[in-house]
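Following this message is one structure expressed as structure tokens.
Think of it as A, B and C in the order they're written, each chain with its own count starting at 1.
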Amino acid sequence: MSITPPVTEEVDHEASVAAMPTSWWRPLIKPLILSAMLLWWAANMFGEDHAATAVDAAAVICTVCGLHLLIQWSGQVSLGHMAIVGIGGFATANLAVEQELPLPLALLLGGFCAMLATVAIGLPALRIRGFALAITTLAAATAVSAYLFRQDWLAGGSLGILVSNSNFFGFDSQEPTSFVVPALVVALIVMFITMKIGHSGVGNALRMVANDDEVAGSYGINVGTHKLAAFLFSGFVAGIGGGLMVLDLGRATPEMFPASESIVFVAAVLMGGAGSIRGPVIAAIALVAVPEFLDIGHYEELVGALGLLLAVRFVPEGINGQHEHMVERVASVKAKLRGASS
Amino acid sequence: MGSVISNGLTNGSIYAIVAFGFVLIYRNSGVMNFAHPQIGMIGAFLFFSLWVEQSWPYLLAAACGVGLSALVALASRQLLAPQEGNPLNMLLGTLGIGGVLTWYALDTWDANPQFVPRVAPGVTVEFWDLRFTGAALLVIGALVVVTVGAGLFYRYAKTGLALRSVANDPLAATYMGINVERMSSITWAASGALAGLAGVLVSPFINMDPFFMSLLFLRALTAALLAGMRSLPLTALAGICIGLVEAQLIRETNTPGLTELMLVIVIIAALLLRPQSLGRRTA
Amino acid sequence: MSKRSAKIRTLAVVAVGALIVSSCSSDDDNSSTTAAADTNATNGDSAAPNTAVPETEASTANTDVAEVEDTAAPEIEPGEPYAGEVGVTDDTIKIGYFLPETGALSALSTDLAKAINAVGFDEINAAGGVHGRQLEMVLYDDGSGNPAVTQASFKDAEDEVFAMMSIIGNTATTMAALAEEAEVPTVVSNIDGRVGRDSMWTFAAVPYWDTSSRLMDDYILSIADADTPVGVVFMATPNGEGARDAFLEEADAAGLNVIVEQPVEPVPATCSNEIARLADAGVEIVYLISGALPGICMHRAAGDAGYSPEAWLSPANGWNIGFVARAVGGLAESSTSFGHAPTLETEAGQHYVEQVNKFVPDAQEGDITVDGFLTYSPERLLIEGLQAAGPQLTREGFFDAMETSVSGVETGYGPPPIYGPGERSGPLSANLWVPGTRLVDGVDTPTWVTADATWHDEF
């Protein structure tokens, strides 16, 4: 009988290192570098006009992220989000002026106030669905504009609320070229958080709820809590958006938040398409930037309406959908090339 | 008291008649047509242009206005038909159409309000404590006629029955040989016609600028919602109730914005108290 | 990996977008649309010698319009050098003038319109200027009342010009807030009453609703007695509410019998129901504090309901309620319509027409309008203030002068605006419309009447 020596395997050290879970900060390196690049450009290369546009865009992006989560990931349509943006804006203004809080804190607490206000619509939303909810939000937003924004304790006197303090972490909030950096940072943080939610278990649960909440319920998901949480989150970030607007202009007046403008946010979300927030963020930037740089004056509303119509007709899946098509097409081209070469 | 009733009845009829076309489209194709007020507006403006500016006879001008609205609605449906399965996209599309119509009206007539005279200026009817002008009677009368007419149509006319079966079960209707496409077009055209009719009838009551129908839209939507978006007679009733409550509210209070507050409370209360959910489940 | 790549892709798109956008803009300057030649900040850097500059009378020689007495300049310690002021040089005073160069109202910025607007400045410059300085108009865009555009222009203007003026109501409201913060004097024709009261640095020339409201009690007592039931219907805006408060205060002091008080909106349901309320309460005099649209709405509803009070009164500027009623076929059939609107038929109005013809020979008759007169009035007010502020012109000095010594009433450009404390009295110039009493070319036309009235104001 032969004695065979034991076979020792080669240990592949590289593979085992790669297979270990990476530290939490590794995936953040590239996004942080890109963000830093963006912020450096914003701080140094934007002219004054573009800085102002970027600040507007930042505010809209915050609101749109929240609304995207609400509409696409939790299936609840809100046509009245401008009212919440306004509540956040007024709250920020009041906190900054009356309570003399430092601006960053006022911004954060303004978001919380907006979030609390959202409870008033989030709770009924648990039982009201679909288009009925949409109309309810529209009615609620109109009521808020018509009634709440006329109250002096919230909206200040005839001049609105003037925020004279403009020190935001050392940046000048009323000077666009300075405020563009913190505004973009806030927007990036909001985007990041939204994205994290989307990729997490909560996000998956929300999407199941959006699809069919009875089925989701049968999986053990607490439908009510998730729906409410979606509303609250969207309210919080919308409030932050409103606060950014107010800090940028240095004042809060009811005219800044007309209920009828809510539909612009919804349009951005729908044009972004279902899926990640990449779509609505691009749509939001386009919505803010295009009128700034395309000076067609008289025909502006027509182009906007036509653009919407054509987009719905010919690009119904929105930007995300187009992106996916592109990805598919690229993948199939690649496959063909690979197939051709092999 | 009498004035509360006559005002409430008149204004409520206005809200109901604006709501009719909207309800029609929703119950037959599940679409929220947010271009509805502007479709009515453009018909009303044509009517104004023909009757006041060109001195055409009233009925002819009104018919043209109604016809234009019907055509515009039909065209909208054709444009958006491929998206009919996706209610959110339809909503967006109708908003785009509304925007185009608004722009056109602003471009042609500008934002200053036009004044449409009363059709029968001297006519007033007074009985008991109530008082109605000719224009008010026209609106209320139209409401009654359309409600009754629609009821009869849906029960007895062939197309009406066909429409009902499509609304109930489109697949089965197809098997029965009903052309679902045509039914959809008919619905949209009818809805547009109703919008145009509302615009023409309402125009003497309000400063007619390109946004006049949108002002009424929220109240009309509330009426439609309270009626479950299915039944025209119920919508009429809901509209009138809203008109009456609003009349009482304005008479007794001094705070602006209360009507809007009332509307939203009513909506939420009504929807929460309903046992079943409204509308299609996937919306 | 997908988490990371998705995040990267988003950021990359945003970053690329930003890169593209910013590379187009690296040379961008401020893009405010100043029509005048490029002006640099004209801070008086050299101390002007403290010598008296020959005084010049403001008004031209051939006018009946009262000349403004030269009031004492603000006290200046002897030996205190004049340090200059923003927008002021030895020869010129720069005034920022906000016009709708872009936006829906850009038709108000044609060259002819601008020339007509400049008449007030031309007139004083031809007479030698103010304390030897010529007034220079620097044009800025207000985007037809767009707050963002106005704010951007204001930020450019505040370091270049001495004071600002505007012709559009929305612009004035936006500028009031900014002027308050920046302490820049702003002279406008008309402004929301409550905004006007809250802003110290904004001065309005044409009476806004507040002023009219304070005079209305006297007028009511001149046409009716103290126990006639009065109803006040107001627009639920800061402007309307401020005017309502002003009216009620004066009415209370005068012992009027105000029995109904309600807000109005130009929605048919509101108007019909409010008419019902007025009718049921037996109101005989309705004071309607609103613009044209609610006015029309209320008149139509009143006609429908067969409600015809003794008088409809309104503070409407330019939108005289009489014209409103005519626009809807006079359906209200009410007796008197009283609107506080200036016309060109007064001495002041005629003086204005003369000046336009003199300095803008191309202007046709149809180009000379009440609206133009309404922009001329604040220019006269500005000039009065500049004169009263004296040759050592500072913003503070101008502010003090406006608060204490300028009235505008003697020149016929309207009752004194509400700024500065004290008791004011003067003629209330108003349009009175009694249907069928004055036909001009077959058209029912208002009459210009004057009534003396007094009101009190404390800050």
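One rule holds in what follows: contacts are C-beta pairs under 8 Å (C-beta built on N, C-alpha and C of every residue); 3 or more make two chains touch, one makes a residue touch a chain.
Just so you know, these numbers come straight off a predicted model, no measurement behind them.
Visitor: Of the pairs B-C and A-C, which shows more C-beta pairs in contact?
Guide: A-C
Visitor: Would you identify the chain whose Cα-based centre sits farthest away from the centre of chain B?
Guide: C
Visitor: Taking the mean of the CA coordinates per chain, how far is chain A from chain B in Å?
Guide: 35
Visitor: Indicate the whole-number Å distance between the mean C-alpha point of chain A and the mean C-alpha point of chain C.
Guide: About 42 Å separates the centre of chain A from that of chain C.
Visitor: Which residues does chain C have that touch at least 2 chains other than itself?
Guide: 236 - these are the residues of chain C that touch more than one other chain.
Visitor: Send over the residues of chain B in touch with two or more other chains.
Guide: 255-257, 259
Visitor: Residues of chain A that touch two or more other chains: which are they?
Guide: In chain A, the residues touching two or more other chains are 150.
Visitor: Which residues of chain C touch chain B once you look at their complex with the stated criterion?
Guide: 104, 236, 261-263, 265-270, 272-274, 276-277, 279-280, 293, 296-297, 300, 304-306, 327-329
Visitor: Help me check something: in the complex, which residues belonging to chain A touch chain B?
Guide: 71, 77, 124, 127-132, 134-136, 138-140, 142-143, 145-148, 150, 263, 266-267, 270-271, 298-299, 301-302, 304-313, 316
Visitor: Where on chain B does chain C make contact in their complex?
Guide: 3-4, 7, 10-11, 14, 111, 113, 115, 117, 121, 124, 131, 133, 136, 205-207, 215, 243, 246-247, 250-251, 254-257, 259
Visitor: Which residues of chain B touch chain A once you look at their complex with the stated criterion?
Guide: 26, 32, 79-80, 82-83, 86-93, 95-100, 102-104, 106-107, 218, 221-222, 225, 229, 255-261, 263-264, 267-268, 271-272, 277-283
Visitor: List the residues on chain C that touch chain A in their complex, please.
Guide: The touching residues are 2-4, 6-15, 17-19, 21-23, 25-31, 102, 147-148, 151, 176-177, 180-181, 192, 194-195, 197-199, 236, 238-239, 242.
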